[in-house]
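Presented sequentially are two complexes of chain A, the first with chain B as partner and the second with chain C.
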Partner chain A sequence: MAATPYQNVTIPSNISVTNTAPIVSNVALPSPINLLAGTTTQVNCTAQVIDDNGVSDLNITNATLHHSSVAPTAPDSNETKYSVVCSCYGMDNITSNCTCSFDVWYYANNGTWYCNVTVVDDSSESDTVVNSTIINTLRAVNVTRTSLDYGDLPTGNTSQELNITLINIGNTIIDISAFAYGSAMDDGLAMVCDGGSIDATYERYDYSSGTEYALMTSVSGNSAAPSQMDLDIGKREDGEEMGDASSMVYWKLQIPVGAGGVCNGTLTFIAEADT
Partner chain B sequence: MRYASHILLLLILAIIGSLLILTPFSSSYTHGPNYENVTIDTTVNVTESKPVIMSIIIQDAAASITLNAGGNITVYCNVTIRDYNGGDPISECDYTV
Partner chain C sequence: MKKNKLWIIAFLFLIVSIVIPFSQAISLGVSPASFTFENTLRGGFATYEGLLSTGDAGSLRVSYDVVGENSDWIQVDLGDALLSKDKPLSFDVTVRPPEDAANGEYSAKIRFFLATGFTGQEVESRIFTGLSVDVYFSVTGEEHVDCVIGGVSVSDAEEDRPLELYLTVKNNGNVRVKPKIDIAILDQSKETLMYTESFYADEVLPTTKKQILKEVDYDLIKSQYWMQVSSEDCSGSDFLTFNIVGFGEVYDLGEIVRMETPDVPVKGELVPVQAFFKNTGARVVNAKLRAIVSLDGNVVAVLESDELQVKPDEVVDLEAYFRPELQGNYVIKSQVLYNNKLTYEKSNNLVVSEHLEEESEGQGIQEITGGVVGAGSSSWLAVVVLFSIIILLFVLIMRKKKR
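Presenting the complex of A and B:
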């Protein structure tokens, strides 16, 4: 039997790829993030971008960092949304490593945040990749003065009223607790003097100006059971200054018999969870 | 052969167990470690503080005083006074025996 004549044929095929869309990959950022009180914290979101047409085809790589409560297209806000242009350098002909640095303010909302990295090439082709992180709660307090000087006071007299402004330098509403000590923590004193001492019960505070000394609250001399100040100091919001998120507390001191000379002590203020 | 496969299975289980122990639990929503507190100094200068009698010593702390028959003796009382405003403001010192 004769063999069947099989015949094959080969034709060449060519296609010219004029542009391929860039690709974003390996978006990474630290988690969780602990913000620094009262200032900004640099958060770096890194990514790799690839363009088969070469890194010279990449036009721009930008990124947003936004809180879960807002859309990535929301306007920039120190509380919820940051936008930057990333800094990229080529690893090879088609790959760049990018770093997107955000200076995140201390009052940025706590919770889940997303870093969206977007690359656009010269043909307006683009790609976006997202990764998430957690910004932790930051409870922090600062005061407007470094000392409380009651001046010169005769024995038995009560000082003039002095005020302390407590500023919320964290990212959530806070209450404040406070305690005093003389020479060492938990000594139960407000101050130690050249002669004698002043018990913590003689140093008093109130939330209202002009309160009579007898009606004011004695500060605790015990760090384990500090005085609880239900101040509800809200966190700073966009458009506000740092000092706007604050509350004032008024202080007086009475001099007991047995204290003499120059007296020195310490007051400590602690940022607490709002109750 | 069967013995070898059991050893291999135990080895794999040991590796998985080690990984489970060494891998930290997934991070959850926690308070940051940076709770910032603040401390300020307080001061006062106590003026016109009352003088304080620190000690009284009679006749050099003698256990008893022997009088002179038909006469008198001088009994000394040594008093230590502290005034944080200095010695000058003490204008008088009353005493009775």
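Presenting the complex of A and C:
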């Protein structure tokens, strides 16, 4: 038997298909962001996630949005840090587009914020990419009344005390200024009546309840130089209710001689920068 | 004792009924709280956008004034000036120093106001809620070029289809810019340069930004690639990855996020049907609304909107119109056709009335009157009064029985 020139040899061959780590790219979010007064604002951070092992290898994509004053590992806080699981859908075999939606509260700190998008695959390999944005200052106020009804008052009498609560529903400290007018701005009046008028000096305020009318401060009748109420109403903080960031102002009105009938006026409150 | 309790309940109910409407709050917010315009060119202009918001559901009219030195150099564009909880109001602040303005630093304040109405009391101060926004600006005679590119994104594309590159040019200077943008495409290993191209972006006015779409038409085989985007004229650059995939492997995706029709349409008047369509896919689609309007099961109109180009993640308002000839309950079934695909159907009911009812006439703009806002307030008061009468009658009957 002639020997064959070839010999069958079996060589064991092992191919190990290794996992490829996923990639996060194209992280984008709007900048700057203007928050809404007294409520939440949806901020979408979008990203593309790529896994050469296929989109089915992707396990979870989550994201954090945090203020520059805290680390991305800081605990969640409405003021400084939010965490979400992103919503992703496949664009092709290896790519997913992800949207990470954060409901950011009105009292979230203004300044630079970072969106960290992290993807983890089935082999626990991960990738994180960061992008930044600016959350603008939000100056906002809630005034708890739409009118001050002083009731029926005889000439020379002083009204009962009425209060107004001013709530800071923004993310920056506010001061309040106020001015009154009767029928037109800067007429120096608090009210115009069927008969006569009431000068702005007769409508008065104080920060304490029960203050005597004579000791209260007259409201300005000049819109260019409104009464400056140094209230310094700070923004809401974590653990507080909306109404906690507030100040109350007490009002009285005296009816001068010469005023009679139905009297109407306008009182304007302006939230402004703390000085 | 029981009699006293009933009296107390009745009394408290009446007090609450009276107090609640008159103690309604009114809120107003503005963001940002200040604007800073640096190096505004004499005779030039600079503009920024802000946002007003409120917690009040009714549609309120916003007014404003500008106070401070050179306040006439500042313009505010409030659009329709209508604000409600669901519709925050965007506004533009523009500074236009005249040719003879002196170099220097200036400041002013914009004050926004929300008005309320009188409640009809004897001696009453209605309350206006206001906010001030600080405006700081400097004027210069020197031209200042400063721009930045950002918001760069490139979507996956099928073979033989162009790549869609998006970028935003923000002009931070005080003169117009038309920057040259450079792109370079590298292979997956980032070692081989596959393609380069330069192009000029559209002109961008000072302090404004513009999104630019550039189609890159270059044949690439199926693989992953990298793209470097930069500009010699502007700061900022980006390094992105994208994939070239086989035909049909890039999905167009879209959905109708909401439909809108008027609350009180009237027979014979033109009725807008609005579909808010969102492109949730990775590339631009052409979309148009198709709607079938039926009354009592009979098709009365087939509507079609104009076709609009929709970028990824963009929401557009697709509008079509019809004129109902009869009163009744119409059903509108809407779908959006985008790149030969259809969204799920959305169905709306539309009750068309014979005449415009008196209550609906005032729906456009509301002025808060005693905190009782909107058309529903009179019915609410009626319910309160009715309940009060029932409780008082109940109390009187109980008293009589006791005797």
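The criterion applied here is as follows: the second predicted complex is superposed on the first by the 258 of 275 C-alpha atoms of A that agree within 3 Å, B and C clash if a C-alpha of one lies under 4 Å from a C-alpha of the other, contacts with A are read in each partner's own complex, and residues count from 1 in each chain.
In the analysis below, a residue touches a chain if its C-beta (ideal position, glycine included) is under 8 Å from a C-beta of that chain, and two chains touch if they have at least 3 such contacts.
In this text the structure is predicted, and so the values were computed from the model without any measurement.
Placing chain B and chain C on a common chain A by superposition gives a clash between them. By the touch criterion stated above, A:Glu203 is placed in contact with chain B and with chain C alike. Contact with chain C, but none with chain B, is seen for A:Thr39 once the two complexes are overlaid on the shared chain. In the superposition on chain A, contact is made by A:Asn136 with both chain B and chain C.
Contacts of A:Ala224 after superposition on the shared chain: chain C is touched, whereas chain B is not. When the shared chain is aligned, chain C comes close enough to touch A:Thr95, but chain B does not. Of the two partner chains placed by superposition, only chain B is touched by A:Gly260; chain C is not. Of the two partner chains placed by the overlay, chain B and chain C both lie in contact with A:Leu148. In the superposition on chain A, A:Ser25 makes contact with chain C only, not with chain B. After overlaying the two complexes on the shared chain, residue contacts for A:Ala180 are found with chain B and with chain C alike. The intersection of chain A residues touching chain B with those touching chain C, taken from the two complexes, comprises 32, 34-38, 136-143, 145-153, 159, 164, 169-170, 180, 190-191, 203, 253, 255, 262-271. The touching residues of chain C, when paired with chain A in their complex, are 22-34, 50-51, 53-55, 65, 67, 85, 88, 109, 111, 113, 116, 118-119, 121-134, 151, 153-154, 156, 224, 240-241, 243, 245, 249-251, 253, 280-282, 313, 368, 370-371.
Contact residues on chain A toward chain C in their complex (touch as defined above): 23, 25-26, 28, 32, 34-39, 44, 46, 48, 50, 52, 89-95, 97, 106, 136-153, 159, 164, 167, 169-170, 172, 177, 180, 190-191, 203, 223-224, 253, 255, 262-273. In the complex of the two chains, the chain A residues touching chain B come out as 31-32, 34-38, 111, 134, 136-143, 145-155, 159, 164, 169-170, 180, 190-191, 193-196, 198, 203, 253, 255, 257-271. Of all the residues in chain B, the ones that touch chain A in their complex are 27, 29-50, 52, 82-85.
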